[in-house]
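Report on the structure given below.
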């Protein structure tokens, strides 16, 4: 429950990220689901109800107003945007846009709309597209600042011309975000509140019923522009209690569960009727540090905290071996540098650093969101190590609202949390966290002119090799500046019954349920 | 008429209390760090957006103004709009009232089913081994933390025996009964020791009354005496205990809903506080308070059904 | 069925004990009484002398634990009530022996209608239907002098005055026409003006139904007016029993004398009241002999040492005194 | 009596008093005594450092070395449960008896004086009962930060009301009794009348209630810690330990079960004492409110 809240914020942050162009984009456009679908088609069985238990609660089905993963990943099943992430999440593919042309100067995008229908049978018109994009890009609106300055012009009933003031390569990926989903204008306008419960979109599924706080029932949208989903129905249940999810899966009440408690992952692997999915995720669990607050303004102290962080123990005890000790201040996305050396666990070095740093004994508080057992356990392991290094450390649990209130006001020392990305963009997450001019170092107050320059350069560079080099330098610099205390590259861990075919987690979080079928 | 006048006067008495409750909730949320709009925007908003959204939710006005407009609107049945869910608070809270009430009533009914026979046995076998066993069992039961009890029940019935689901609300009346059995039982096991103790004590008091001896002198059987004469008189203290504990029960419901993933008001409260969803918190506070006060009123009214003397007082 | 010579109720050697925190006391010790049909036996004594316990012991209403009837017989119409099963005993309570209690204000269940309480025994023991029971309830209330009983049967105890409630309690006792009525201080809790009415009512009812009555009172005047026979109790024992006339004319026990002297109208002259000297008995620490010995002006040293049984010193006149002759001497 | 005589007589008096206790009071007191001693001598009783994490010995089931097993961080649970006594019992004691002191005083005053003071008090009591406690505790924690001081303040704001209610009700009865009138006619100052004369007579129900309240407060404390709003890690608070074991309940049952048992044992000892006290104070059938 609490977890959803934490996630939500970073989900939003990550949603702002853009997608790299070039080879990655091409791979996304031409690889992906079409091939997968046809390969599996021979033996696909149609029908059945998929019961999917999630610990995240959908709050609303309106992408313009929400930012939590509970809602976003559900909306992704129901609403389509012009362009969408591909199966893996690493690339892009056309959705309601059949194709597009980009002018050589990168300023004019001509989008060709597909013949598609909303779930109520009405055609998707340019008016709907205009309306939705107006909502999404409204600078007064909720996610407006994600989009660059642009003008949109309807050429004809099937063609939209977008003109940018400056080149903005990530535009296509920005258009793929949940916030840029195309909604039925007339129905949305009639009652935005009602739309949040009974959305009318052009995705593979439509909402049959939505009981807030307990379940969301999806059925295929018979007017869907692409192949119909195999399933007759998806029941997405909100089951925050992890034991209940496990028990329900084992008893057959649920077909799929996500966010498997890691201490029980082994028992699922051992169960011959169940499959455990460990999927890579754009996620880093780490300790936020506030460099603006003494003694964390001292790099030696921050380094000492890194040297004294027993990450192997955390990986073993808290994450039960799922994940990898990180060598970066941000998740593994494109342009991640494997070569960066990890900060080793070295209690002696930590002790020496603290001794030499003139530490005055100020109590360093570690915030863990109340009810977040992972954060609490990690904090306790860290505390033991840090205290051994000579630091005074106190763990404090706050409810999520208070915790982030303190974060925003800069009234914190450190906090065990994590960051995720909804898109595969290295640049923006790197910029959010490390470029002080973008977002003040994401609560850290981290400020390094050199890094800002590198990131600015990387943002405008078009050669992948150049960018790779810049991002490696950034990673090396920020990580070894002890920007934070990275803990784990944590994967998505899901579990499903063996007769669930085609379920997989995309790196950004959602699942393509339209490709799932039941072998029964 | 007398009856109606009484109810009316009680309802009037509730007004200042409700006012105080809402006022305290309002002031409290003012004191807490964390801006709901900032939380909603992930702390990434520019000043213009912040101002616009603050205006949209009326957060730019002083607390006093907001307080009174909340009161005025609440009187018209409008509890405002959730900042996070963008739905009317009355709808969001309304959807959950049923669930919380179901759990609590279910728990209370189970508690009565457990407590009544035990209390009757204990009172009839006063100071015999059975009575001592029930009394001491009650003390042990009362010392069990509800969250721990809930976990034990999950371990036993959910995992060990697999008889009952360990979460969710279920569908249809019997689905609710089925899914909410363990939460209901948790509440019942927490509540019944208190009920047994008070019922037993009340029954022992009643059994010392002259009219019980009169009843025995009439040649009535112990069973008839218990059910026709003792129990009804012992109900008033038991009802009092139940109604006094309703606040506790609601707090217990928060934990029970949390452990068993029930989408009730308790879990909504925890979440809304976490996201600083002021309108929802205020709405919940009002509903919680009303719930407690109406329960107490219902308890008082039920005294009258049990005992006509109360009317005269 | 009963000849006048055969007592309807005969209590022989009854011992009722209570286990208290610090020991066992005998609230009734070797009690003997007899009552014939149509006759009224008065039982007098100070509070705590065991009168009420005796009534409850006869009906086997002694709560156990802590109480226990450890010896004796309660012969009712030739049957030993102590030997009956609990169910049989309930039948006796419901039909043949009834009791009227001291405090009418607390003798009725506050949450049930008066009418229902009056006829409850009838429906249980005679299987009387609702309508019939209601009619009988009205009739019973009429007989005990409640005005407009048709409406009042539906009322609750808090709506009635004490005197009316005692009438209701008596009506309840009369339901089913018992052969024996145990009246445990039926007038003590009432106003003086009401007391006479209630006594008159009891006597009238007794006359009409020819039932036997055990009238417990601490008030010698009441007993003198209403009873055929009198038994005087002290410390759980019968000190003296005789016909009312004989007892008041020639008391044969120092305690009886003391009792009479301490009550205004009884001494006849009312010149002066003589309280009984000394403390009421401590039942936990009784000497084996006469319990009254420590307070007795006539006591000899052996009074306190040898157990003293009731002995008949004149026809129908029993006393438990070693030195009855000293009393006549003292009285004259 | 000379001082020496008192010294000589005291143990005898104590023994005699204990001799009058009911069996429940004796058993409860004995249990509590053992618990309190274990808490005081925790460093001797506990075989391990309750804070020390040994990552090579995590999630060990109960065995000869680790009586209660180890938790997910490799800490000895038995040692943690023993050290937990120091937290739960002490905090429980404070949040029970501090509000009792001023709660009884406020209730006694309101009951004695009546009028406006009483009216205001009654509205406050109604409000305290109707206000969702969780909102209050979260607010206090958000303002003051989590930890035991926040629990103190939040509970102090609310918990006195029940005592005030009890004391007020008793005072209403007591106020019109003869000895009170007598004290008044003797011209004693009001404070003396209330606190010297009335108080001993009205405190009985509060004392009896306080034992039940003590139990409920331990449950409250552990419940708050269970929700992550109470005692902060790594302190070995029982409810927090149950919460930490919750995720492991299916495969490592001992982590949440055994600390919970400690709560039950402590609570039962207090309940037994409460029951015994009620009898000793003559409130044989005192209902638990």
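Per-chain residue numbering starts at 1, and chain names A, B, C and D are given in the order in which the chains are listed.
Everything that follows uses one rule, which is that contacts are C-beta pairs under 8 Å (C-beta built on N, C-alpha and C of every residue); 3 or more make two chains touch, one makes a residue touch a chain.
Fair warning: this is a prediction, and the values are worked out from it, not measured in the lab.
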Per Cα centroids, the chain farthest from chain B: C
Between the pairs A-B and A-D, the one where more C-beta pairs touch: A-B
Whole-Å gap separating chain A and chain B, where each centre is the average of the chain's CA atoms: 39
Between chain A and chain D, centroid-to-centroid distance (C-alpha), Å: 46
Centre-to-centre distance between chain C and chain B (centres being mean Cα positions), rounded to whole Å: 53
Separation of chain B from chain D, taking each centre as the mean of its C-alpha atoms, in whole Å: 23
Shared-contact residues (touching 2 or more other chains) in chain B: 32-34, 154, 159, 258, 270, 273
Residue list for chain A, restricted to those that touch at least two other chains: 2, 243, 247, 399, 401-402, 405
Where chain D touches two or more other chains at once, by residue number: 138, 142, 227, 243, 246, 249-250
Pairwise chain contacts under the document criterion: A-B, A-D, B-C, B-D
Touching residues on chain B, where the partner in the complex is chain A: 32-35, 38-44, 46, 48-49, 52, 84-88, 92, 95-96, 99, 154, 158-159, 162, 165-169, 258-261, 263, 267-268, 270-271, 273-276
Complex contacts: residues of chain D adjacent to chain B: 24, 123-124, 126-127, 129-136, 138-139, 142-143, 212, 215-216, 218-219, 222-223, 226-227, 239, 242-243, 246, 249-250, 253, 256-257, 260, 263-268, 270-272, 275, 284-289
Complex contacts: residues of chain A adjacent to chain D: 2, 242-243, 246-247, 261, 263-264, 267, 310, 313, 316-318, 368-373, 376-377, 379-381, 383-384, 394-399, 401-402, 405
Residues of chain B defined as touching chain D within the complex: 13, 16-18, 20-21, 24-25, 28-29, 31-34, 135-136, 139-140, 142-148, 151-152, 154-155, 159, 194, 197-198, 201-202, 204-205, 237, 240-241, 244, 247-248, 250-251, 254-255, 258, 266, 269-270, 273, 281, 284-285, 288-289, 292-293, 296
Chain D to chain A touching residues, read off their complex: 51-53, 55, 58, 72-74, 138, 141-142, 145-147, 227-229, 232-234, 243-244, 246-252
